[in-house]
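Below you'll find the structures, each written out as structure tokens.
In what comes next, subunit A is part of two complexes: it sits with subunit B in the first one and with subunit C in the second one.
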Partner chain A sequence: MDASLTRSIFDVLSVTSILVLLVMGMAVIVGMMKVFNLCQGEFVLLGALTAYLTYEIFGSVLLGILLAPIMVGAFGLLLERTVIHRFYANPQGALLATFAVGLIIREGLRTTMSTQASPVPAPISSSWVIFGATLPVWRIVIMAVTVALLIVAAVILIKTSVGLRVRATLNNPELASASGVSRKWMYAWTYATGSALAGFAGAMIVPLQTLYPNLGFDNLITMFIAVMVGGLGSFAAPVVGAVAIAVPGSIMSILINPVTAQILIVLCAIVFMRLRPNGLLKSGM
Partner chain B sequence: MVIKGRNAAAIAIIVAIAAASPFIFIFGNDYITGTLTRILILGLLVLSVELAWGQTGMFTLGQAVFFGVGAYSAAVVAKDYGITDVIAILSVAGFAGLIIGLLIGAFLFTGRRVSELYVALFTLALAYAAQRLATSWSAIGAANGIPGIPFPTLFGLKLDSGPILFYLALVVFAIFFFICLWVVNSQFGLTMNAIRDDEERAEFFGYRRQTIQVLVFTGTAGLAAVGGGLFAITEGFVSPSLLGIALSTSAVLWVVLGGKGTFLGPLLALAILQILDRRMQDAFPQFWPIAIGGLLLITIVFLPKGIMSIPQVLRERKSQRVLRHSAPIREDIQ
Partner chain C sequence: MKRKSMTVGSRGALRSVALLATVGLVLAGCSSSDTASETEAEATATQSETTEAAAEEEVDTSPIKVGVLTDLTGAFGIVGQSNQAVAQFTIDEINANGGILGRPVELVIVDSASDPAVGAQVASKLVNEDQVDVVIGGVASNMREAIKDIIATRGNTPYIWPASYEGNECTPNVWNVGAVPNQQVDPVVNRLLAEGKKTFFLTGNDYLYPRSVLAQVRKVVEAGGGEVVGEEYVPLDITDTSTLVSKVLASNADVLFEIIVLPATAPFIQGVVDGGFEGEIVGTLFDEAINGIIGTQADGLLGIQDYFATIDDTFSRDKVAEFAAAYPDEAGLFSATFNAPAWYRGLYLWKTAVEAAGTTDAAEVEKTMDSASYDALIGGPASMVPGTRHAQLTMYLGQMNADGSVTIIESLGSVVPEQCG
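Our next item is the complex of A and B:
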């Protein structure tokens, strides 16, 4: 295998793993809870901010990566108990309210940041040479973490009693609460988990990009399209959607140019969403 | 058309603006004229969102796409082809909007029914893609947009001063405002409301849900595009941000703040925010966007029907208080 082909395959895998990592939180909140959460991008941003702050204060990005899910998860819990829980019967209201929350966070960061963009270094900055191509280790770490996290999430959802309760509550809230599951706290903690995943993803990917106020919002549309292509109603479908968007998208941006590729992917995805409104994993109505 | 209370108020406002405008120019300045002109132009965009979403239930988060299409086509026609006649420019802009609107409306609303949120996400993604496209397309100026659009003419007369452009915007706005009122008060308007309230039931009653949705969507796209065309010739430049998510969501924000389902509320919200906008951006440049977000959040949580519902909410509070004091109410029917 020659170096450029290795590099291309690596890029495709890397872009895909990043999108899957970003979409996981959304798979919980949008996919499972069906809350159209327009501030999901800002959860990613808050995670990235945590990593940046721990780097500035304690000199450690790794600490930020560990703290990000806790901080953003706590924020998500607070947000659910104050705002989101009012809108489970009113999806339009949820969409607008989360948009407002996202706007506040985004603009709040824009006012407090002294520079336009702040770089955050990767905890591991070395790279490996494989088949003549130089591959940054941090991207490989992200791939490994993404796969590990997927396995953990699947095991929790399928094998544990917590996972069973979550699925039960989301599928049939009345029956679940009649069976003794606290619907209120189940929703709150599920939302918090989704936020924590997004915060973690933000802290993981910020070394690859830089910290800037639109970091989350720029990823939001792609994340949403991945969820819609995959389909609502489960954790797995959005993840499949992310792969289905990222693989052709990254191949096209290598072959043509990134901007055209991105516009084409968005257009293809929305046409696909129209033809199969239930996404890849479900057929028919 | 029967002139009911709300419509009478709307007509009164138009007449009042027209009557007050000479005083504005005597005592006002270019800044005030410019702000008022912009309110009228963005008013067309607000009307189109209100018609599509507030009256017909099509949750469009990308209405600025049509505004931008109108603005860009007006700019190209005026600058590259040298056509400066207002009627010709606005017709081209409106027609461009109608075509794009028809294509997108037909794609979205014919065939199987789609959920409201799908429409929202679709239009949001569209606005995103449109802005990306305009930013990277060098034929229409890429990120710089198209500057230096010549002043419009009407029957050979050059419309080249602030007050004249204001009256132009006022006339165009008034024409379309009355068309909107007429449509909403007609039988067709009732059908639109029926589809908004329950698509399925309207279909069972035999209304052609698909045709009506496509028609209304196309019409609102044309309306927004006329607004965009007017923006291009009065401001003299267009840029990719006219097509994008920011303006689209602002239009929805004005409708939410003012009260979805009314014409007056959204226009009022637009006017208030636009008048405050420049001053607040001078006074608190950093906190103004945050304040807008906060305002939106508070409105959605506490006043879901917008500022127009404040009297109603207060009345309900009062009557609840009276009820509580007068007689015990069974808890299960509360």
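Our next item is the complex of A and C:
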């Protein structure tokens, strides 16, 4: 295998794993809870910011990666109890409210930052040479972590009683609360979990994308397309959606060019959603 | 020249009913101008002879007004802070040396907030309410496009565009004092070709500036017997540059000429450098500031600018040291990519033109600015090339070092802009 083909395959895997990692939080909040959470991108941004701050203050990005899910998860919990829970019966309201929250975070950071973009180094900056291609180790770490997280999420949702309660509450809130599950806290913790996953993803990817106010927003569109293509109502569908757009997207980027690829992907997604409005997977775990 | 711009101005005003209010303001300024100062008359005076005669008879000591329009807030806020400080520094210096035509100079500073719509409003305020004698400013080209007609055409006020940009701005009353693509591209590409580097990979974001600069690169490379082995554009909101990095690495080009703007700059260049790219990496946006963005991977990048902090020019070094002492908070913001030398240059070239004309009258300055020339400038002497509305500039090729300093590889001498001709 020659170096350039190795790099191409690696790029496809890397781009896909990054999108899957980013979409996991969204799969919980948009996929499972069906809250159209327009500040999902800003959760990613807050995670990235955490990594940047721990790097600036303590000199450690790794610390930020560990702290990001806790900080952003706590923020998500607070947000759910103060704002989001008021809008479960009013999706349009949720759309506006979450957009506003995102706007405040994004523009707040823009006015605070003294530069347009701040780099954050990867915790592991070395490269491996595989088939003559020099491949950054941090991207390999992201692939491994993404796969591990997917397995953990699947096990929790399918095998544990917590997973059962979550699925029960989201599928039939009335019956679940009649069976003794606290609907209020189940929603709050689920939302917090989705936030924590997004924050973790943000801290993981910021070394590859630099910290800038639109970091979350620029990723949000692709994340939403992934959810729409995959379908609502489950955790698995958005993840499948992410793979379904990242793989052809990165292949087109390689074979044609990134500008055309971006347009074609959105075009394909629109046509696909017209043909299959419920997405690739209708329901699942 | 004056008649021509007057005609354009009145046609522009008649085009839209919404402009009636503006016309009213200008007329109001006109009626009070014959007693106050000749500056107010410039916008709408119908008989310049009368104004000039009046100016000769009485000695005018009213302040000359310089409008400063820049992005003090928003995405380009940091550049605007630098611009504002440089403008203030330059005008303080001019005033300390007796002002212009014996008149003091005062600044009217407005914030265009990195938003062309806001820029259009504040440009209109500068021209119609403050009735400034000249406007200098703008950071990005979309800002220039939004304000130039308001200032230069409808407002009939000289407008100095102090930024290196893609070129082709030839509107009357607009003066371009930053570098255009051929000034940044030609010397370095010819030098690389002469060194035996024949294959070039060109890449940038998908908008006008990178496309214009890289078109010039392609032209010079092909004329000089080199070969463009790849040319690729990426969206401005690209989040992952890995596929582009792979294409650059696969090309094995001798030279990567790149104009990838923030925020993708660092990930892209880090990817290319860490991936083992062995050719030269050249760009029009590299100067001392790039280290803060890219980190140690900036080591070895080649940049072409009208100024670097390390150029061998005592005047520039002394002036920048004076600036740093006067504006300690902005000391680190005096750089070529923040247009700092161009702001200093633009204000002095305009001062020279006003002194040659003996008046701030737009029509007279339009004639004298055409060949304005000044030597005591940061970065070296500059002169407007008659008939081109652009400036001949001293350019430098610098190599970025890991510690953030720049080693001057070559002083490229005075380079003529190929514009508006």
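By our rule, the second predicted complex is superposed on the first by the 282 of 285 C-alpha atoms of A that agree within 3 Å, B and C clash if a C-alpha of one lies under 4 Å from a C-alpha of the other, contacts with A are read in each partner's own complex, and residues count from 1 in each chain.
Methods note: contacts are C-beta pairs under 8 Å (C-beta built on N, C-alpha and C of every residue); 3 or more make two chains touch, one makes a residue touch a chain.
As the structure is a computational prediction, the values presented were derived from the model and not from experiment.
A.B. asks: Report for A:L53: first if it touches subunit B alone, second if subunit C alone, otherwise both or neither.
C.D. replies: Neither: A:L53 stays clear of subunit B and subunit C.
A.B. asks: So in the superposed three-chain picture, is A:I270 touching just subunit B, just subunit C, both, or none of them (first/second/both/neither)?
C.D. replies: First partner only.
A.B. asks: Between subunit B (first) and subunit C (second), which, if any, makes contact with A:Q209: first, second, both or neither?
C.D. replies: It touches subunit C, and subunit B stays clear.
A.B. asks: If you stack the two complexes on chain A, which partner ends up touching A:A154: first (subunit B), second (subunit C), both, or neither?
C.D. replies: neither
A.B. asks: With both complexes overlaid on chain A, does A:L62 touch subunit B (first), subunit C (second), both or neither?
C.D. replies: neither
A.B. asks: Quick one: is A:I18 in contact with subunit B, with subunit C, with both, or with neither? Answer first, second, both or neither.
C.D. replies: Once the two structures are laid over each other on A, A:I18 reaches subunit C alone.
A.B. asks: For A:L280, decide between first (touching subunit B), second (touching subunit C), both and neither.
C.D. replies: In the superposed model, A:L280 contacts neither subunit B nor subunit C.
A.B. asks: Please indicate which partner A:Q262 is in contact with in the superposed arrangement: first for subunit B, second for subunit C, both, or neither.
C.D. replies: A:Q262: touches subunit B and subunit C.
A.B. asks: On subunit A, what residues does subunit B touch that subunit C touches as well?
C.D. replies: The overlap between the subunit B and subunit C interfaces on subunit A comprises residues 110-111, 259, 262.
A.B. asks: Please give the residue numbers of subunit A that touch subunit B in the complex, ascending.
C.D. replies: 36, 83, 86, 90-93, 95-97, 99-104, 107-108, 110-111, 221, 224-225, 228, 259-260, 262-263, 266-267, 269-271, 273-274, 277
A.B. asks: With touch defined as at the start, can you tell me which subunit B residues reach subunit A in the complex?
C.D. replies: Interface residues on subunit B, with respect to subunit A: 59, 107-108, 112, 114-118, 120-122, 124-126, 128-129, 132-133, 136, 249, 252, 256, 286-287, 289-290, 292-294, 296-297, 300-301, 304.
A.B. asks: Give the list of subunit C residues in touch with subunit A in this complex.
C.D. replies: Against subunit A, the touching part of subunit C is residues 73-76, 78, 206, 232-235, 237-240, 242-244, 246-247, 249-250, 262-267, 270-271, 274-276, 292-295.
A.B. asks: Would you tell me which residues of subunit A are touching subunit C in their complex?
C.D. replies: 3-4, 7-8, 11, 14-15, 18, 110-111, 114-117, 119, 121, 125, 127, 133-134, 136, 139, 208-210, 212, 214-215, 218-219, 222, 250, 253-254, 257-259, 262
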